[in-house]
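Report on one structure; see the data block that follows.
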Amino acid sequence: MADFHDVSAWRHQTETLVSVIADLLAGCRHVAVGAQSPVPGTAALLARRESAGALRVSVLDTDRHSPFTNGACELFDCAAEGRIDAFFLSGGQIDGQANINLVGAGTYPSVDVRWPGSFGSAFLYFLVPRVILFREEHTRRVFVEKVDFVSAPGTSEPGIYRPGGPHALVTPLGLFHFDRERARFRLASVHPGHTVEEIVAHTGFDFDRDPAPAVTPAPANARRALMHEIVRGEIAEIYPRFAARFLG
Amino acid sequence: MSAMVSTLDELVAGIGDGAMLAVPKDFSGVAMAATRALLKRGVKDLHVVGVPVCGIQVDILIGAGAVQTLETSAVTLGEHGAAPRFTAAVRDGTIQILDATCPAIHGALQAAEKGLPFIPIRGLIGSDVLTHRRDWRVIDNPFQAGDRVVALPAIRPDVALFHAPLADRHGNVWIGRNRELMTVAHASAATLVSVEEIVDRNLLDDPVLAAATIPELYVTKIAAAPRGAAPLALAGRYPADTETLARYAQAAKTAEGFRAFLDEWLTSTT
Amino acid sequence: MSAMVSTLDELVAGIGDGAMLAVPKDFSGVAMAATRALLKRGVKDLHVVGVPVCGIQVDILIGAGAVQTLETSAVTLGEHGAAPRFTAAVRDGTIQILDATCPAIHGALQAAEKGLPFIPIRGLIGSDVLTHRRDWRVIDNPFQAGDRVVALPAIRPDVALFHAPLADRHGNVWIGRNRELMTVAHASAATLVSVEEIVDRNLLDDPVLAAATIPELYVTKIAAAPRGAAPLALAGRYPADTETLARYAQAAKTAEGFRAFLDEWLTSTT
Amino acid sequence: MADFHDVSAWRHQTETLVSVIADLLAGCRHVAVGAQSPVPGTAALLARRESAGALRVSVLDTDRHSPFTNGACELFDCAAEGRIDAFFLSGGQIDGQANINLVGAGTYPSVDVRWPGSFGSAFLYFLVPRVILFREEHTRRVFVEKVDFVSAPGTSEPGIYRPGGPHALVTPLGLFHFDRERARFRLASVHPGHTVEEIVAHTGFDFDRDPAPAVTPAPANARRALMHEIVRGEIAEIYPRFAARFLG
């Protein structure tokens, strides 16, 4: 699904994803994004522009866009102090309780497929109030009923210190909100050109939905223009390969 | 104190078989040239600690059969994809993997730096990272009934090995914003550093440089190694050699391809 | 973001009655000019945390009746002897004193910096420092049966107030080797900094300065205050005004002498 | 006792104290001294010279002579890691079990006499292997049977982590060693010009002693010459007022 023969279709989809994610950042004061996350990065910079500077965006592992000067621990310390409102996580597997698996498919430790590892997820998922799950592959291989390894759990028992957790899941097919009380996703909108049936067919876990979910609104022209400006400028500097593909 | 200054071969002589070896992440100064010297000499049964993640350096060490245990939060070649020798070794069960999470590695090293037996950390409860770490404990927060928190034992590496832009002949090492290198130097019994450049003046005499300098008190030996982090980048000095990194990512997908790359790399000088 | 730059009066407006206020030791950048502005405005019931010890600044605050609680490892005028208003206030019972030990203050602030509910510390067991700290606990080391260790709750100040050599208009503050200022800025809800000099360029753009700079992310407001640490020294900038310090030490031995010194100091500009 | 009308007598005594302390540092790799401790500082620099550089001396709160670059916590972290072999402590009161009181005389907290506070003693006394107690006033006011407030205890129960503790006590009258097993001081030598009886008369706690304790040896001429050289050079830079008085 990540292989687009049609670059313009990819661009169109990417615009939708960026727009959806930018909306999810409304009201945040500080969002951190990884150095290899161009779509969330573009969305964060878009949201910053639209916030008239009220939103701070930190791009990790870059000298110019990271505010951190206290070494590699500072992102985590900063999150634990409540100074980061939103962050992005993903997973090789994500299940219906929003558990994420960044370690591998199969039986741990000698898994059949090994992924890099949990990174900071087992910490940040607990501490960042608005964690947005983002995955560009929407298949039953990714969205499973139960992950094989819990890098970080979607919910915690009462009594566990957990100011943070999953807020939403964004895929190329749709946007889901996560209900922490019910520990379930609810389909919030279906992206243009896709259907509920398609989402159900490609999702391995059960989720809540309205009889007729909304269609994700296409970004307004003004927002699209702003997006292109950001990609030409700030994004080209941080994620040059993504920017080149986006701009053609 | 020019007894501090050694060759790369002398530097890595301080890393014995079975040592617990702490190494930094790709953007913080990976001692690639020193790693080559280490593999040329031959080393085995390393317990590698990735601070907090690792990349090509550790993938090569694993492929060469030098690693027994790996404690890290991730191994990845970044934009070049999965780390193939790590992936194969995990699948084949030829290394012991201690999966962690980034702030747990930092916290456990800070505990060692402070001489603490352990340090608490938030998060983790309910994850399989915790389930599989028999060396971690869940304890009660003594200040709030019912609040449980994970306790991590201090990580005290035998040796820290990294690459930095600048040192002086006394062994003072300037690290810039990569402050975790100071933590790992404080936490480790020995600290070995390759550097781009060794200067004559004392870095501690300059109040601006001193503020980001590891004092020689914590440094065991230094060695000059221009472009010593290549093919990885060194911030402010040189970019990554993406061609070599891509070539490695492709070659290392098979044991044979890895061996051919390794043979070539061990005999090359850059 | 020149909204970061304020006058000294605007700066200290961020310190409310009853605030928990963290201040550094004499050699790390004491904001004396800002303290004068604070006392001119009038403030009371402060809970002052000395990081980890204090001197003339806190003695003046105590003498002026602005302090309700003082948590510190020591109060001293150094070579000028005992801190007279502190000594008198303890004897008269007019302040609550929470006696600590230096590394406990550092550790408890580091716990706050890391978002930890508590941090362990060695030592202390068997001391009366521990006996009188009802807010500290003795717990078991979860990794070694029978090994007891003190647990300190995190200290989360409402405001950190200190003086630094350099800042930029964005609010980035260069602190040099006084790294505890970064810890206290991370640990505190608000950070107010007076500086010798505010420059136009962005300190984070210079990799050498950036390494010892507190990013504006943690800074609430800055104000220019040349010689803002006087009569104390500021390392690399000016020495202590020993005449004024000696005069204070003598005058403050009596309540009347202190009051005369304070009246004069509040109306002076240096 | 700190008031010397006769400066040359003070110089003579100071030479003895410096010499005694330098001997106590034999075999150390790293000693830390405070910025306001000229006698221990001189002794440490003397021991460094005599060690041919094997001894490292860190003078706290000085930019040039402190090796620390990680802020005010580094001394304590460094000690806790076992990287500091010797340190100096003192006390407003010191008792026969080597408990020290830096807080005050009387009933805490509203003590009759308040001293500055415990500083790092409640930590360093546990962690630095060779703590040397040094006090220039030898009176019953200082050397009491039992301190009014224990800033740091001289000994600890079995099971308490304590690699460090009191090693010796140096006063203008004599040198005591501390026996951690017995939790008692033993008079090791009496300084020239003083007597056991004088020490007993001015010490408020009981201590062990041989029937005829040794006399503290006067520093050899070579050592005295070296001491003067150090005071003229390094010490004059760190402790100018002390150096001026010492050199006349």
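A, B, C and D label the chains in the order they appear, each numbered from 1.
As a convention for this text, contacts are C-beta pairs under 8 Å (C-beta built on N, C-alpha and C of every residue); 3 or more make two chains touch, one makes a residue touch a chain.
Values in this document were obtained by computation on a predicted structure and should not be read as measured data.
> Identify the chains in contact with chain A as well as chain B, in label order.
C
> If you walk from chain to touching chain, how few steps can bring you from chain B to chain C?
Shortest path length, in steps: 1.
> Name whichever of C-D and A-C has more C-beta pairs touching across its two chains.
Most contacts of the two pairs: C-D.
> Find the geometric centre of each of chain B and chain D from their Cα atoms only, then give the gap between the two centres in Å, rounded to an integer.
41
> Let me have the rounded angstrom distance from the C-alpha centre of chain C over to the C-alpha centre of chain D, please.
It comes to 29 Å between the two C-alpha centres.
> Using the average of all C-alpha atoms in each chain as its centre, how far is it in Å between chain A and chain D?
Comparing mean C-alpha positions, chain D is 60 Å from chain A.
> Counting only residues that touch at least 2 other chains, which ones in chain C make the list?
Expected reply: 107, 110, 114-117, 121-122, 147, 149, 177, 179, 182, 207, 210-212, 235-236.
> Enumerate the residues of chain A that touch no fewer than two other chains.
In chain A, the residues touching two or more other chains are 63, 68-70, 73, 76-77, 80, 127, 161.
> Among line, ring, star, complete and other, which best matches the way these chains touch?
other
> Per the touch rule above, enumerate the chain pairs that touch, sorted by label.
A-B, A-C, B-C, B-D, C-D
> Of all residues in chain D, which touch chain B in the complex?
Residue positions touching the partner: 30, 56, 63-64, 67-70, 73, 76-83, 127, 161.
> Going by the contact rule at the top, pick out the chain C residues touching chain D in the complex.
The contact residues of chain C facing chain D are 25, 27-28, 51-53, 72-76, 78-79, 82-83, 86-87, 90-93, 97, 99-104, 106-107, 110, 121-132, 146-149, 177-183, 235-236.
> Quick check: in the complex, which residue numbers of chain C touch chain A?
The contact residues of chain C facing chain A are 112-117, 182, 186, 204-205, 207, 210-218.
> Applying the document's contact rule, which stretches of chain D touch chain C when the two form their complex?
36, 61, 63, 68-74, 76-77, 80, 102-104, 108-112, 114-127, 149-153, 156-157, 159-161, 241
> Inside the complex, what are the residues of chain B that reach chain C?
That would be residues 107, 110, 114-122, 137, 139, 141-144, 147, 149, 151, 153, 175-177, 179, 207-212, 235-236 of chain B.
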